[in-house]
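So, here's a batch of structures to check.
Consider the two complexes below, in which subunit A is the common component and subunit B and subunit C are the respective partners.
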Partner chain A sequence: MPERVTKNRRWRVRLREAQQGYVLVAPYLLHLSVFFGYPLLFAFVLMFHRWDIVTPMEFVGLKNFWRLMRDDLFFRALLNTGIFLTIHIPLQIVVALFFAELLNRPLKGRGFFRAAYFMPVVVSGVVITILFQQLFAFDTGLINRMLQALGGEPVPWLVSPALAMPSIAIMATWKNVGLYIVLFLAGLQHIPRHLYEAAELDGANAWQRWWHVTLPMLNPTMVTVVVLSTIGGFSLFIEPYILTGGGPLNATLSAVLYIYNQAFYFNHMGYAAALGFCFAIVIFLVVLLQRRFVETDTWS
Partner chain B sequence: MGSRGLLGVLAGVLLLMGCHRPASMSIAESGKTRLVYWTAPNPDELALARELVAEWMAANPDVEVVVQPIPAGQSSEEVLLAAVAAGTTPDLCSNIWPGIVEDFVEAGALVPLDQFPDFDSLLDARIPETVRASFRSRDGHFYQLPWKTNPVMMFYNVQLLREAGLEQPPRTYGEYLEAARRIVADTDGDGLLDRWMGYRDIRPIWWQRYFDYYAFYIAASGGRTLFDRQGNLAIDTMASNRVFAFFARLYAMGAFPKAVWTSGGSRFIQEQLATDFTGPWHLIWLEKNAPPDLTYDVAPIPVPDDHEGPVYTYGDYKNIVIFSTTQHPEVAWRLARFLVSRKADRRLLERTRQIPVRRGLLDDPYFAPVFERYPILRHFAAQAAYTRSVDSVPDLKEILDALAQEFEAAAVYGVRSPAEATRRALRRIQMILDWNA
Partner chain C sequence: MRETARKTGVRLEHVWKIYDNGYVAVEDVTFEVAEGEFMVLLGPSGCGKTTLLRLVAGLETASRGTIRIGDQVVNDVPPRDRDIAMVFQNYALYPHMTVYENMAFGLKLRRVPKTEIDRRVRAAARVLELEHLLDRRPHQLSGGQRQRVAVGRAIVREPRVFLFDEPLSNLDARLRVEMRAELARLHRELGRTVLYVTHDQVEAMTLGQRIVVLNKGRVQQIGTPLEVYHQPANRFVAGFIGNPPMNFIEGRLEHRDGLRFVGKGGQVQLMLNAADWPKVRPGQAVTLGVRPEAVALATVEEAAVMRGQVETVEVLGAVAHLYVRIGEATVVAQVDASVRPALAQEVALRIDLDRIHLFDAETGQALPRARS
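On to the complex of A and B.
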């Protein structure tokens, strides 16, 4: 009998604990279902429908995917996004690594510089884009004025189809590099000192220590940086939306901008959902490949 | 719609939902029927609407009409779309672009106007039988009452042309190019051109093409639009190629600057541009802003050298609709009828310099005093009979966007031949149509 009472009590305690747990996770679950679960489910339903917000939804089967396969502009937007990533990711890694190395040294005013490089990350993307719009302007931009003052020719940063996307990549790097500096800095500070001492004893010079010790030991950070900047790069939107509108000649039309245009400019909600779904698959595959090729077992 | 954007639509929907109040209601205390009438937000049209409505209310004391400008947004179409989605449309609106009517019809947002017994006679007074079909929706009903049309024409600087030895404005592509050769110049000798034949916004914004590609296409094709009466794609490829080629020449020779001017004021009144392609609404702006010594006039837009017959152009129609949220369609119809009366049309002409859609406008002695006072308006009134609107087809915006993309490639940047540009535009439009079939 006393054993049964104890069991009952334990059960009640567990139930109470479980209830408390459910109450504690409820806000997260609510947030997840309202802002992630429902939109995801709705987008899945939309993929097979035509809907322009004002007229009732119409089931169209796979028609949205059929259009997608024939849509040159979507493939152009994917290519543009690829070009952006190809410039942006290596540039970001090199610049971030360079500054992280510098800021990892006993430098005067190190705290100030660490904060200063991080500053653009917390400033609104729209503000930075407008700032660069002024800097990159062909006739009146500060950069071209400086070039002309130095006897050079003005550069069509945003009006040349060949230069517009690299210009956007430079701007995006400037904005985001602070975050990756912090990540690399954390990675650098976690490399055990004894590895450098051992390398030094073996006669390795500074470059060899960096190449054979620092770089391999930074691999986990590198994977994080590559994956984060890839996903961030795939979501390129604000910069071309404000700077170029996707032009000139669609050279800066990113995949997200194209999806946005289809959804909210042409009111093709169903088609935009289908584009979004395919784009998500592309991102998933790219990240998977990156993990496979970039990630190595650092500690083995 | 420049259109444009998520934030605009969402903000519009939220704003309209937040401010929701039934668009029409009876005021119990006064026993009056209440209507809400949305008009274009520009000050001249708003003042005109208030004036006309006050007059109408004096004759209809049982009705109270609230005149409101279309709420602020990226474009009227976007705001109206948000209102339709939120169910907060007014009783009637007089600033409806025909290109969006079909979307509203499909949404069940409009009242068919041909249910009213006097609709046919009213329509006959406004448009000829030949263009009647372009205002009929796909379900066979009429949901819009043609109100005004603003033909796109060529404004030209008389003095600049005269200095270049031209007493008459250029009528053909050849004459226009020749005029450009004489006029385009670096007047201050700094090595940069500062006087051009014309300017067009080079960004691939679909509605910007009304003032170049689309108007010129209608002119070059002798008055054809993009679709035939059955709604089949029927682009005159020859005309399209010629328009692309003409603008490509202009950009290649520097007659039009490859620039986006968003500041610096009007280059036309600064006499840096010899011509400007726009509609009669520009007149009132010029009257207020142009220096007194600027001499300008208006002529039809240039056509291919071998063109014969009248010169058609794009007419920027704005029509009146009654939204199905109204509780008083008959009363709203009475007001709509008044807004297209002779008296209201004359007032529109006088106050806004815009052209009412009305047959025999130039021959009617009632309107003669206005044309005597503003003789330049005669050009627009005469051109109004030779205008074409947009086709009543779904996804028109994306269709025009496809043409805008090709205009940028073939005309502005010259990276595609005119024939290739037309072919690519046709292919993309066909894809959009097949998808929407």
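On to the complex of A and C.
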């Protein structure tokens, strides 16, 4: 009999502990379900429907996907996003590595610079985009006026279809590079000093030490940076939305901007959901490929 | 012979290393390693031995003095042009390269032809029994195997000088003994100049042809293992080398029917042979040093006898160490384990007067002994 009593009590204690646990994680679960779970589920439903927010939802089966396959603008948006990524990611890695190397050296005011480079990361993207709108402006922009003062021709940064996306890529790099500097800095500081000494004794000059020790030892960081900046890059939206609205000639129409336009400009909610779904699959495949090619086998 | 000795020997002249914060790591160090010699730098941690090695490697720059490798002053020569190879304490293998690539790396950078690289790597792998591991990465190897790869990486370079920085300290005791023998064999076979840093006196005694004993950045003594053991230059060397360490008894010298050492408290009194000690003054404060193996149990009353009580007995198999309390001092005697006395037993100890050392109490320097 007493055994049963203690068992019962233990069970009650456990229940109370579990309840406390659920209370503690409740805010997170609530946030997750309202802002991620519900929209995700709703999007799944939407993909197969036509809905303009006002009139009732209408089931259309796979029609949205048929339409998508023949939608040149969507593939144009994918291509634009691809162009953005091919400029943005390598540029970001080179610039971030360069500054990380610099900030990893004994340098006066190192702490200040580390903070300064990180600042754009925490500043709102809208603010930075408006700032660059001023800088990139054709007639009045600071960059062109400086170029002209130096005797150069003004560059149509945002006006030329060929240059608009690269201009946005430069701006996005400027904004995000601080985060990747910090990641690379952590990676660099993780490399044991004696490896450099061994390489020096093995006959490596500074460049060879960097190529044969630093770069391979940074591989785990490199994978993180490539994957993070790919995912970040795929979600390119604020910059073209504010700066160019997708123009000129759809040259800066990013995938997310196109999806946004379909959803909230044309009220094609179902089609936008289908676009979003396909886009998510594209991102997944690209990241899978990147990991395959960037990541060398790991060591401990 | 002298010709070649100039080519690959190492010579340090009045070398100092003072760090920016004023810390003096190496103070006026001078010594020479002959061609093909196995020289050990021995001292407690923080004595500057690793700094000295790094100075020779070029990983640190000397604040003062000159460092020569062969005929060349290398103070301003970068490490890669010094033609030396170093084995690091933690091996410093490149984790992203295979064993083969680790060993080949230095040769590849020096643009040695591929076939030659292959020949040398495979030869070294054979000597070090690494042939079946060439495709592995360092993290797939045991400590002993990594150690051998680190040695292999040094060997394939065929450098003028090998530098070893406590290479065995990360291995377990059994492996350490094995690798010690292996390093000795390698040195015999390759005949290269070796500078070897360790804090382990057993390594120093077994591997070194000569030993530089260091303390607080200064050279204490340079000599063969037996020289530093039997004729320590000062109290530090005497106490650092030997296990269990040398017994030290503080006291003074007196002239009373001959030369006599009187320990503090008076319990220890020894008649010395005045002819052995030409440079002592009566009344001089000295420290008497005697190794445990020069202290024996005495059965009859003799000249050099002390009485005391057994405090501790350590049996090591064939021998036992007796810790005997005599007045204020504890004297360790090494005796045959089969005749060891019981705890707290009153015993008489005899000291072999031919094997005692006297050190000046102030300077710690050994007092010279007349050799017959």
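Methods note: the second predicted complex is superposed on the first by the 292 of 300 C-alpha atoms of A that agree within 3 Å, B and C clash if a C-alpha of one lies under 4 Å from a C-alpha of the other, contacts with A are read in each partner's own complex, and residues count from 1 in each chain.
Methods note: a contact is a pair of C-beta atoms (placed from the backbone, for glycine too) under 8 Å apart; a residue touches a chain by one contact, two chains touch by 3 or more.
These figures come from a predicted structure and were not determined experimentally.
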item	value
When subunit B and subunit C are modelled together on subunit A, clash or fit	fit
Contacts of A:Leu201 with subunit B and subunit C, given as first, second, both or neither	second
First, second, both or neither for A:Val213, with subunit B first and subunit C second	second
Contacts of A:Leu179 with subunit B and subunit C, given as first, second, both or neither	neither
First, second, both or neither for A:Pro192, with subunit B first and subunit C second	second
Partner chain in contact with A:Trp66 - subunit B first, subunit C second, else both or neither	first
Which superposed partner A:Tyr260 touches (first subunit B, second subunit C, both, neither)	first
Subunit B versus subunit C as contact partner of A:Val54, first or second or both or neither	first
Larger contact residue set on subunit A - subunit B or subunit C	B
Which superposed partner A:Asn250 touches (first subunit B, second subunit C, both, neither)	first
After fitting on chain A: smallest Cα gap, subunit B-subunit C, Å	50
Those residues of subunit A which subunit B touches in one complex and subunit C touches in the other	none
Contact set on subunit B toward subunit A in their complex	1, 3-6, 9, 81, 84-85, 103-104, 106-107, 109, 203-205, 258-259, 395, 397-398, 401, 405, 408-409, 413, 415, 428, 431, 434-436
Subunit B partner contacts - residues on subunit A that touch it in the complex	50, 52-55, 63-64, 66-67, 70-73, 139, 159, 161, 245, 247-250, 260, 263-268, 271
Partner subunit C, residues of subunit A touching it in the complex	192, 194-195, 197-205, 208, 212-213, 216-217, 219, 296, 299-300
Contact footprint of subunit A on subunit C as seen in their complex	57-59, 78-80, 84-86, 88, 90, 92-96, 105-106, 109-110, 137-139, 153, 157
